[in-house]
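A, B, C, D and E are the chain letters, set down in written order, and residue numbers restart from 1 in every chain.
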Amino acid sequence: MVIGKVINRVISTRKYDTLQGYKLLVIEPYNGENKEWFVAADTIGAGEGELVLVSFGSAVQHALHQHAPIDAVVVGIVDQAPDGL
Amino acid sequence: MVIGKVINRVISTRKYDTLQGYKLLVIEPYNGENKEWFVAADTIGAGEGELVLVSFGSAVQHALHQHAPIDAVVVGIVDQAPDGL
Amino acid sequence: MVIGKVINRVISTRKYDTLQGYKLLVIEPYNGENKEWFVAADTIGAGEGELVLVSFGSAVQHALHQHAPIDAVVVGIVDQAPDGL
Amino acid sequence: MVIGKVINRVISTRKYDTLQGYKLLVIEPYNGENKEWFVAADTIGAGEGELVLVSFGSAVQHALHQHAPIDAVVVGIVDQAPDGL
Amino acid sequence: MVIGKVINRVISTRKYDTLQGYKLLVIEPYNGENKEWFVAADTIGAGEGELVLVSFGSAVQHALHQHAPIDAVVVGIVDQAPDGL
């Protein structure tokens, strides 16, 4: 998993039906030089500015109420950035 | 998921049978320094120049009407680039 | 998926049994700075010098006649490089 | 798999329910220039400072007592760094 | 798949039970600038110094006698480096 910061949302009116109902969050990686943001579905109610834990790949399906073509999902809000990092 | 721009199409007459019927779109990543384009199957009817949401890996199978050796799929048209990004 | 060029073959006499029967092709990515070649199984009859469409990950199993520890597979011959790319 | 060093823990009170019970470890890759740390669930009882073996992707589910949206897991404590590396 | 050279072994006495019985090999990528070694399970009896074919991800499970949290596996010994590469 990686820790990232919620910096925005993506609005996609025309999308695959099973994506309906998921907030699509723009996440910027918290650590590392590569600050390339990506999009993850929200299952926790994360808000802009919050530090979140994101999981990728097939594991994502275990956080969805039905199978959907989603490859990244927010699975937790990080209480605080690991100290010193 | 990532956001990308549809910049072209790939024509592949000789291809694995379950790829038949899918438009194969050339997608350039919208953000980040790495502008390396890749190929994704279209399930939404995305056109050239549109900003799209792309999903990768095993999740892709949940956007196909039957299993196929496809590892990237367009799952949404982005209404507009997330502001400020 | 990515587009690559078939530049060679790999001969592996001692290999896992379910890999038997697959030609193992050396593929060089067609676009991008990273020209690091990789190995993909052939299911289409691609020849050296041809431009091919390659799929990765779990999707690969949907192009094999039986499950095998193969993580990259050629799924199409590209008619011609997408113009201008 | 990769070898990494446990350098911290992540506390996430608000998280997806099936993540409950797993210690979330911050792991720094042991080798390579890219020292970007990541988060992995612990199934072995690894402690801070220990060298661990980490597995990623769908294989992770085979180390969990129930399916969960976890994409990286500690699967071993490394007795000692491979000599000369 | 990638071709790599077996350069060492990893000893992990305390590990997840289904990893028992697998030799854990340290593999250095044969080609490309990134010589970052990784760890793969051996199913072929590969020895130090040998060039091997390595598969990653969910495909790995198809080379194991039972499911295990292993994400990279040696699936072949390469007879000789593809000429000219």
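The definition used in the following text is that contacts are C-beta pairs under 8 Å (C-beta built on N, C-alpha and C of every residue); 3 or more make two chains touch, one makes a residue touch a chain.
A quick map from chain label to UniProt name: A, B, C, D, E = Ethanolamine utilization protein EutN.
Everything quoted here is computed from the prediction, not taken from an experiment.
Enquirer: If you check the contacts of chain A and chain D, which chains show up for both?
Expert: Common neighbours, chain A/chain D: none found.
Enquirer: Same or different: at the chain B/chain C interface, is the fraction of residue numbers used by both copies above or below half?
Expert: different
Enquirer: Go ahead and note the Å separation of the Cα centroids belonging to chain B and chain D.
Expert: About 32 Å separates the centre of chain B from that of chain D.
Enquirer: Two or more other chains in contact with one residue: find those residues in chain A.
Expert: Only 34, 56-58, 60-61 qualify.
Enquirer: Building nodes from the protein chains and edges from chain pairs that touch, which of line, ring, star, complete or other describes the result?
Expert: If you draw each chain as a dot and join those that touch, you get a single closed ring.
Enquirer: Starting from chain C and stepping next to chain E, give every chain of the ring in the order they occur.
Expert: Traced from chain C through chain E, the chains around the ring are C, E, D, A, B.
Enquirer: Spell out the part of chain E that touches chain C in their complex, as residue ranges.
Expert: Within the complex, chain E contacts chain C at residues 1-3, 31-34, 43-44, 53, 55-63, 73, 75-80, 82-85.
Enquirer: Across the complex, what residues on chain B touch chain C?
Expert: The touching residues are 7-16, 18-19, 24, 26, 34, 36-40, 56-58, 60-61, 67-72.
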